[in-house]
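Letters A, B, C and D mark the chains as written, and numbering starts fresh at 1 in each.
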Amino acid sequence: MQTKKIINDGNRAVDEMLEGILAAHPRHLKSVDGSPRSIIARDGPRQGKVGLVIGGGSGHEPSFLGFVGKGLADAAAIGNVFASPPPDPILECAKAVSSGAGVLFMYGNYAGDVMNFDMAAEMAAMDDIEVRTVLSTDDVASAPRDQRHKRRGVAGNFFIFKAAGAACDRMLSFDECERIAGKANDHTFTMGVALSPCSLPQTRRPNFEIEPDEMEIGMGIHGEPGIAREKLKTADEITDEMLDRILGEMAPARGDKVAVLVNSLGSTPLMELYIMNRRVKQRLDEIGVSIHASWVGNYCTSLEMAGASITLHRLDGELQTMLDHPCDCAMFRAG
Amino acid sequence: MQTKKIINDGNRAVDEMLEGILAAHPRHLKSVDGSPRSIIARDGPRQGKVGLVIGGGSGHEPSFLGFVGKGLADAAAIGNVFASPPPDPILECAKAVSSGAGVLFMYGNYAGDVMNFDMAAEMAAMDDIEVRTVLSTDDVASAPRDQRHKRRGVAGNFFIFKAAGAACDRMLSFDECERIAGKANDHTFTMGVALSPCSLPQTRRPNFEIEPDEMEIGMGIHGEPGIAREKLKTADEITDEMLDRILGEMAPARGDKVAVLVNSLGSTPLMELYIMNRRVKQRLDEIGVSIHASWVGNYCTSLEMAGASITLHRLDGELQTMLDHPCDCAMFRAG
Amino acid sequence: MTIDTARLVAMFAAIANAMSADRDRLCALDGVIGDADHGIAMELGFSAARDAVAALDTAAADPTALLNTAAKSFLNAVGASSGPLYATALMRGAAAVKGKTTLDDAETVALFQAMAKGIQDRGKAEPGEKTMIDAWAPAAQAAGEALASGKGLAASLEAAAQAAKAGAEATKAMIATKGRASRLGERSLGHMDPGAASAVTVIEAMRVALTS
Amino acid sequence: MTIDTARLVAMFAAIANAMSADRDRLCALDGVIGDADHGIAMELGFSAARDAVAALDTAAADPTALLNTAAKSFLNAVGASSGPLYATALMRGAAAVKGKTTLDDAETVALFQAMAKGIQDRGKAEPGEKTMIDAWAPAAQAAGEALASGKGLAASLEAAAQAAKAGAEATKAMIATKGRASRLGERSLGHMDPGAASAVTVIEAMRVALTS
């Protein structure tokens, strides 16, 4: 039996979704002429500003194109479900937002994305567009600490893109934008847990198996296996398990400030996320770390997967300024 | 086997959620001293302004307390999962936001809510707070057209509360606020479809049975049975079925303007909602109805239920002004 | 047989127990025609009432005070439909025994009838609308008739319990016109109303606690 | 045996067919150690390539143009990891047969080897890292050795297909260090790499289409 979805045709799902997105957000978004998978901000890209192009596979909505708009990303290149976009739509995004000040490519660190974005960057160079790339590698569960560069980028993208988008919007130099983007990544730590699978629109079969009393700690946002299968625990235990790893790496000092993101992988409802957030607050209070701002909800999903992730973004003065910088995107507003 | 949830204790889920909400949104929300289920806006309630108290059961997050904030509701009284709050927290909300100009109670039309809010209104009268009530009855599926007053209030609350909140924030008179609230309700039509059940945190059992290839048209946001069980259809067919009923009642003329809400009941992801929204746009284009604004996402959920609803809110000049009026809430910003 | 406050405290413990045992069945019944939470509401409400009355000084509290305490704690723990309905039932029961320190058979039946009346006043449901009234109303009537015909409390409550059971059974053949299930129309046919089902359990627990 | 553009068009049709048939197995393999979409990517990519080359004027297009068309359409339909890898394979194949209008046995084997080299250059994977290279590299080597030892195209591609199969089997005993599965460490042991599995299907479809 196929999984239930409200779709027409699995192979058309991404393009039909994009049509629906443009229909809903005409004031924020448009596609590049002739390149429907290249979505750009109506407001934002402008002379002298470093262009910010983000992107990745579909199925993570509101990532990535929900974060396209003034003050955040200038464009997003959209791939098939869980698949990097090919170089062409990425290149079209770069062209559309390039104004000579350089273009930043930012995306999660996945082999497929790296290959496609790198190809696009080479093609952009031929068009005299200077591209630099900052990969997000916030998923603590995906490689040991000394191999941070091998880690996946997951929900922490939210803070990393936000910082970079603010730097670009504040008309900082290409070097500065790149530096701040990299720093934002270094300051961002995410751990996830998955409870039940999603299914791809084309196959409509669960993308992994999991027992009714199990959870998978550290599972990736495409259902990639994580660190460990365990029996489902309580919200506090799960949150602690995730925070222990995050805090172990982030090693905050008393008096440090963080921003918090408690993110649903899809079908885990706000009630559960806020119960987790309660525990996050308790734990941070205990160690004297203050919360500058929190986001709780669907920010980087895996279709209808059940599960959640916690991200801490350690702030200094500069990153706080970037976080507080206003942005007005299709599916997200802040500042 | 129990359903999977990230919770600690089913009986504590609502209170722990509220703790997590206050931890996440301290700039927007606080609870009334001694009444943790009465959540009020930090900014908004003020001298001479009609107070707006909304509320209902938990499990619909971000409804209701996500819509508490400047420009929208002044307070929300929070019940157990799928259960009206009792009179006490409602009364505490009324007291906290009352400034002599009157207090509007707005909530969905359910027997339990009506009894509890009415009791609270009687108690408020004893404290010399004048309360008037406007019920939302937007669920087209829940009673025939000639018995509109018997219908349930569902996701359309979003537009109805938004209009009333704007009227209050614009310091209109009690009469005007009440009139606009009622008019907003009259102009709002919702239909839902459910694909799979949710489960209550206390029982952790599916709250209804449905075959793997079935959907229920018109199911309520608490899993109340709807109009018909049918085989799951395509997104376009489902959307058409819902729109046919909505448009049949709303009977828009060519040139009319509407606002659109495509709402997830919980686990139906944005991809599917936007595919539905694409069809909504096509259908409205066909009949020459223009879309003033669209919202697509989780606005009125049923925990982790799969399914979606479509709401059309017919605008005239006044309702458009109310819709465009800025609001800044814990989980929602606009304008 | 005389009912004192200690007996009423025990009665609330017995109802709370019965509700816990019955919770999942009631949720399942509510799942078919409502929102699947009725068992939770009833368990929560009567547990809260049990705890609140257990915390009273039974020497100082009279039945009226005890029943009002139960009403208030039930209501605040539950909300929902059951909250106002049972809270009103208990407040009306409290009013009906005002001034008494212990209750004789007639007073106990009066309390019972006042409860049914309270539910009806609050919910405005008529018999036949597929609500808890379809259990409570015949139960109250049966208890009154039994007492009037000279029966004692045990037999009167026995009659009430029987009538409640028959009334709940009868809801299967009714189309709901009040409460959440009222939007189902004919689809509500064939299913027992959860509120009527829980009423049977409440009344039976009262009967046992008050007469054993 | 001489391969002309019509034969290459037929080859893409055959691979696309084979990918559709194999899609769900490949997704399931990818579900175990990756993101469950490999079959979709391969089906999409080769369907797009099939359609693009079928739309060419085969009289006017030479093998290089045809393979470049296939590469571009595969890439644009897919993205992901498979897109750049197979697109590069096809572009390198195109470059390897530049200027030819038909391909003899040696040229066809050169094309095949260029494809493997393209995948390796693009993905930078070494044999033993549990990727499609573990099927493609031994296949390319086996084809080259067979041809060098005087075998014809059929026998050379037969050797390639055998080697691919053995190579894919061998990935079960490998720990992934490239691609999505590389974060699993030891948990990737025991499972066949989906990209290696699909390579077997691609190569077998090529063999049949080019030699029957």
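What we mean here is this: a contact is a pair of C-beta atoms (placed from the backbone, for glycine too) under 8 Å apart; a residue touches a chain by one contact, two chains touch by 3 or more.
In this text, all values refer to a predicted model and were calculated from it rather than measured experimentally.
Each step here moves to a touching chain, and the least such steps from subunit A to subunit D number 1. Shared contacts of subunit C and subunit D, meaning chains that touch the two of them, come down to nothing at all.
Subunit B and subunit C have Cα centroids separated by 32 Å. Measuring from the averaged C-alpha position of subunit A to that of subunit B gives a distance of 29 Å. Subunit A and subunit C, compared by their mean Cα positions, are separated by 53 Å. In subunit A, no residue touches two or more other chains. Annotation, chain-chain contacts: A-B, A-D, B-C (touch as defined at the top). Taken together, the subunit D residues at the contact with subunit A in this complex read 23-24, 27-28, 31-37, 39-41, 44, 75-85, 122-123, 178-184, 187. Subunit A meets subunit B in the complex at residues 1, 4-9, 13-14, 16-21, 23-25, 58-59, 61-62, 193, 195-196, 201, 212-213, 215, 232, 234-236, 238, 260, 262, 266-281, 291, 294-298, 301, 303-304, 306, 308, 331, 333. Across the complex, subunit D is touched by residues 11, 57, 79-88, 110-112, 115-116, 119, 141-143, 150-152, 200, 202-203, 205, 207-208, 220, 222-225 of subunit A.
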